[in-house]
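Quick one: the structure is below, questions incoming.
Letters are used for the chains, namely A, B, C and D, taken in the order the chains are written, and counting of residues starts over at 1 for each.
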Amino acid sequence: MRTFRLVIACPDRVGIVAKVSNLLATYNGWITEASHHSDLDNGWFFMRHEIRADSLPFDLEGFRHAFAPIAREFGMRWQVYDSAVKKRVVLMASRESHCLADLLHRWHSGELYCEIPCVISNHDDLRSMVEWHGIPYHHVPVDPQDKTPAFAEVSRLIAEHQADCVVLARYMQILPPTLCQDYAGRVINIHHSFLPSFAGAKPYHQAAKRGVKLIGATCHYVTEELDAGPIIEQDVARVTHRQQAEDMVRIGKDVERRVLARGLRYHLEDRVLVHDNKTVVFD
Amino acid sequence: MRTFRLVIACPDRVGIVAKVSNLLATYNGWITEASHHSDLDNGWFFMRHEIRADSLPFDLEGFRHAFAPIAREFGMRWQVYDSAVKKRVVLMASRESHCLADLLHRWHSGELYCEIPCVISNHDDLRSMVEWHGIPYHHVPVDPQDKTPAFAEVSRLIAEHQADCVVLARYMQILPPTLCQDYAGRVINIHHSFLPSFAGAKPYHQAAKRGVKLIGATCHYVTEELDAGPIIEQDVARVTHRQQAEDMVRIGKDVERRVLARGLRYHLEDRVLVHDNKTVVFD
Amino acid sequence: MRTFRLVIACPDRVGIVAKVSNLLATYNGWITEASHHSDLDNGWFFMRHEIRADSLPFDLEGFRHAFAPIAREFGMRWQVYDSAVKKRVVLMASRESHCLADLLHRWHSGELYCEIPCVISNHDDLRSMVEWHGIPYHHVPVDPQDKTPAFAEVSRLIAEHQADCVVLARYMQILPPTLCQDYAGRVINIHHSFLPSFAGAKPYHQAAKRGVKLIGATCHYVTEELDAGPIIEQDVARVTHRQQAEDMVRIGKDVERRVLARGLRYHLEDRVLVHDNKTVVFD
Amino acid sequence: MRTFRLVIACPDRVGIVAKVSNLLATYNGWITEASHHSDLDNGWFFMRHEIRADSLPFDLEGFRHAFAPIAREFGMRWQVYDSAVKKRVVLMASRESHCLADLLHRWHSGELYCEIPCVISNHDDLRSMVEWHGIPYHHVPVDPQDKTPAFAEVSRLIAEHQADCVVLARYMQILPPTLCQDYAGRVINIHHSFLPSFAGAKPYHQAAKRGVKLIGATCHYVTEELDAGPIIEQDVARVTHRQQAEDMVRIGKDVERRVLARGLRYHLEDRVLVHDNKTVVFD
């Protein structure tokens, strides 16, 4: 069922819901899903509606036109999306295949509703798997001495493929600040720890050393500060003294996969609103 | 913060949210929490709002008066509750203390917002614990040969204490059908299995026999059919071959406690809507 | 590190561990992992050792010869396995790809240590995915009017490929009793419910109808009685009123995948002992 | 069933299990539970046995005498405990009652097998609850300007009550280093975060600020370094954007309670071995 997804954030005050739902009712819009959140700490209001497209008398442009006055009145940051328009998601990976293979399978089986115009990797290992899915594979090696050319090429590829969103599926390289800024709120990373614990390198080894009894993974938007962006989704798995770091790596892969897949799905369905380095996720 | 809680269920159609939010906006009502659910399977719509009482120009009676026309127009089943009015919860228990002690502590420490006019038990074991909390304890023994007099007395006590809600905190007796009917949607039970598995007696022993790897507990409204009422909340805990039935009893107690406490809190905060023997829980 | 895995079940009595560990110490065997379980309910004892192969003066045959007298003395059911010998696992699937793709990826990336001599399916849909992995794909359609020829062919293929183990990765067909008997304790199924709830067909629809708050999956050995064999592993995921049956299908897939992968890994590492239709899993 | 619990840690080498189990078999000792762990990272071996006391021809002293030569031979750190001897556990609390009430109830209902000679608190709030359980309550106020006299008194009380173990059930004060040293491995704390995240003060507020999607609790042995001691047990609960810090406090209480209760039970049953600031927990 095709819907329009109206996503709003604005300072909270009386009458927002009434104005918005009035407008939708005026045009006979059939709401299939509605979510609201008033953040009492900072006085902001967040809202997401899904409205059946076939119940409305206009297209996305018409919707924007009709909605703009309300948005101005309440000082809204807002977007409206057409559920039928697939977002273009560029996947980036390194040598580890588990997250990439998982996303590709979800996409291939129709669970993940998006286009994947290409995969970019600093290694050539996963080419065959990607190409079997009919997706172009760009091998962009990163020279540790001078990463600038590689990231220039990465930026060019992302732009060329008109990415709406970039997913770092265990890419293992730190993106340059300009890329983080250009795609703020649109680059999704999976970090293999329960952040803020064990940010940075080799989190499973850090976890094994500290002797924690649960390990985790964190799906977050990338910001310039490493592993410190807004968290979209997290999960954990139990470990015991029997698990060494390499066992944690294996167990953690399952957590990484499902946390990244959930986080990406939330993003693709326009369920994630970012405010103050935190997320509202209307799942 | 005192709120009015407006809870609605009605056949889904266009314009419900607009009408309701318009009314609230007309009276300048400040919505602190709003939840909606369209059940696409059966075409019903469910809604819950919390509105700051001090933002509205009327009391609960005035609210009801103002809202009644809308309710009629849309054929709503609806209620509005004052968050400041404590529900009266009669607790029933048998010999096992864990659920009762947990609820009493949550009440005593202010976490559970309600009144507990009395505890009714078929045994006298837990009297001292209950009375330390300043709550009357009624010992109503149940004669297995003729349970009628006991349940007449139980019914009388529930009525006398003007219970809004009855909680079977491991009461271990089956309530008679008339009591189930008179308090439909207001008697909450905790069953010590992950229903529908292991309904009836000795669920942990059934679970041990079947060799399941997780045990659970289910908080549900009581209906005439045993362990078959609408489920409010469930949770599980992991077990292994090392746990015999008696270990499951111990591990399960923790699950029972938190599942019952969560379910009861949802009920007390008017977050549970029942339809077609299932619940919508706006948590 | 190559190990011998010694797996034992016998009536419990004093001196078993001493005898076994004495024997191992006599030959200077280096134990890397040891697990014991005394089932106090039925008086049985279960034990699993991993011993470094390079610490022992004999091969598997020599081990068996040395150990046989002890096994006789204590009436043991026992096996010793060489961790370096890959089990031959025949995968069976239908149209749904999620479990099959997951197992193939784990195998391909080296996480699942086994050989996969072939995949058998009653449909031809997944051929390309399987063949990309370099694994033969046998399409054996099942005629609903007469399943006998199909299962004769399935049996033939399993035998021809010398399967140590058969995995029903959402195969969706009920195996004939003879096959269940011939491969007792070696056919692993994933059922898409938290058994014993919702055995049989369409468990997610059953779950949606009952209004449960958690859905699950169960990995078990296949026996002649449908969905009633010894449970190896189970897990659950939370759902709410927002999830219809089709959402449960999607959410459940993630549970199915990881439950099947964990269950199969336990089996491949000889960690599962069956007794009285229940399992001891030395994880 | 009364058992002797033999707990051992030593450098790993061939023959340990054989020697120990031989000794037990020589005296006809009936092992009801046996756990082993070889830490391949650091080359240490850990072992715990429960042996039926009535199957052995000697008492604890006799056991120690018989076992001492083996312990010397292998350079073991070891202890043997009589399961019938209740450990003496001094509970310390502040104003928050949830952990204390939970432990008292578990003790009172027989789930927690120990003696509680007294409760020490820096406030007088929880006196009545404690005294209802028949347990002496010591109010030892802590002067923020000079904590020395208070902790002298605390030390005196712990010594006077011959504590085997001290539990900080949300005591909210930092113990002085000497007390940490004197009771190394015997002071158990519950920290209300998933360590190492959010050590120190107000962890739920730190968690709310960071926008994590799970909150947790950690039961650990107290060392001189704040919140950095060996972790015994951890668990988490899911939160969303809807939960403010105060909701996390409420949700977290349930996690704290069960994590502390599990951790303490492991300790009381001699299931926790500490090595290199990490724990082996034979659950």
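In this text, a residue touches a chain if its C-beta (ideal position, glycine included) is under 8 Å from a C-beta of that chain, and two chains touch if they have at least 3 such contacts.
This structure is a prediction, so every number in the text was calculated from the model and none was measured.
Of the two chain pairs considered here, C-D and B-C, the higher C-beta contact count falls to B-C. Relative to the C-alpha centre of chain B, the farthest chain centre belongs to C. A separation of 37 Å divides the Cα centre of chain C from that of chain D. Taking each chain's centre as the average of its CA atoms, chain B and chain C sit 41 Å apart.
The set of chain C residues touching two or more other chains comprises 40. Interchain contacts join each chain to each other chain, per the touch definition above. The touching residues of chain A, when paired with chain C in their complex, are 97-98, 101-102, 105, 109, 111, 132, 250, 253-254, 258, 261.
Per the touch definition, chain D reaches chain C in the complex via residues 14-15, 17-19, 21-22, 24-25, 28-36, 38, 40, 55. The residues of chain B lying in touch with chain C in their complex are 37, 39-41, 46, 194-198, 210-214, 216, 230-236, 240-242, 244, 277-281, 283.
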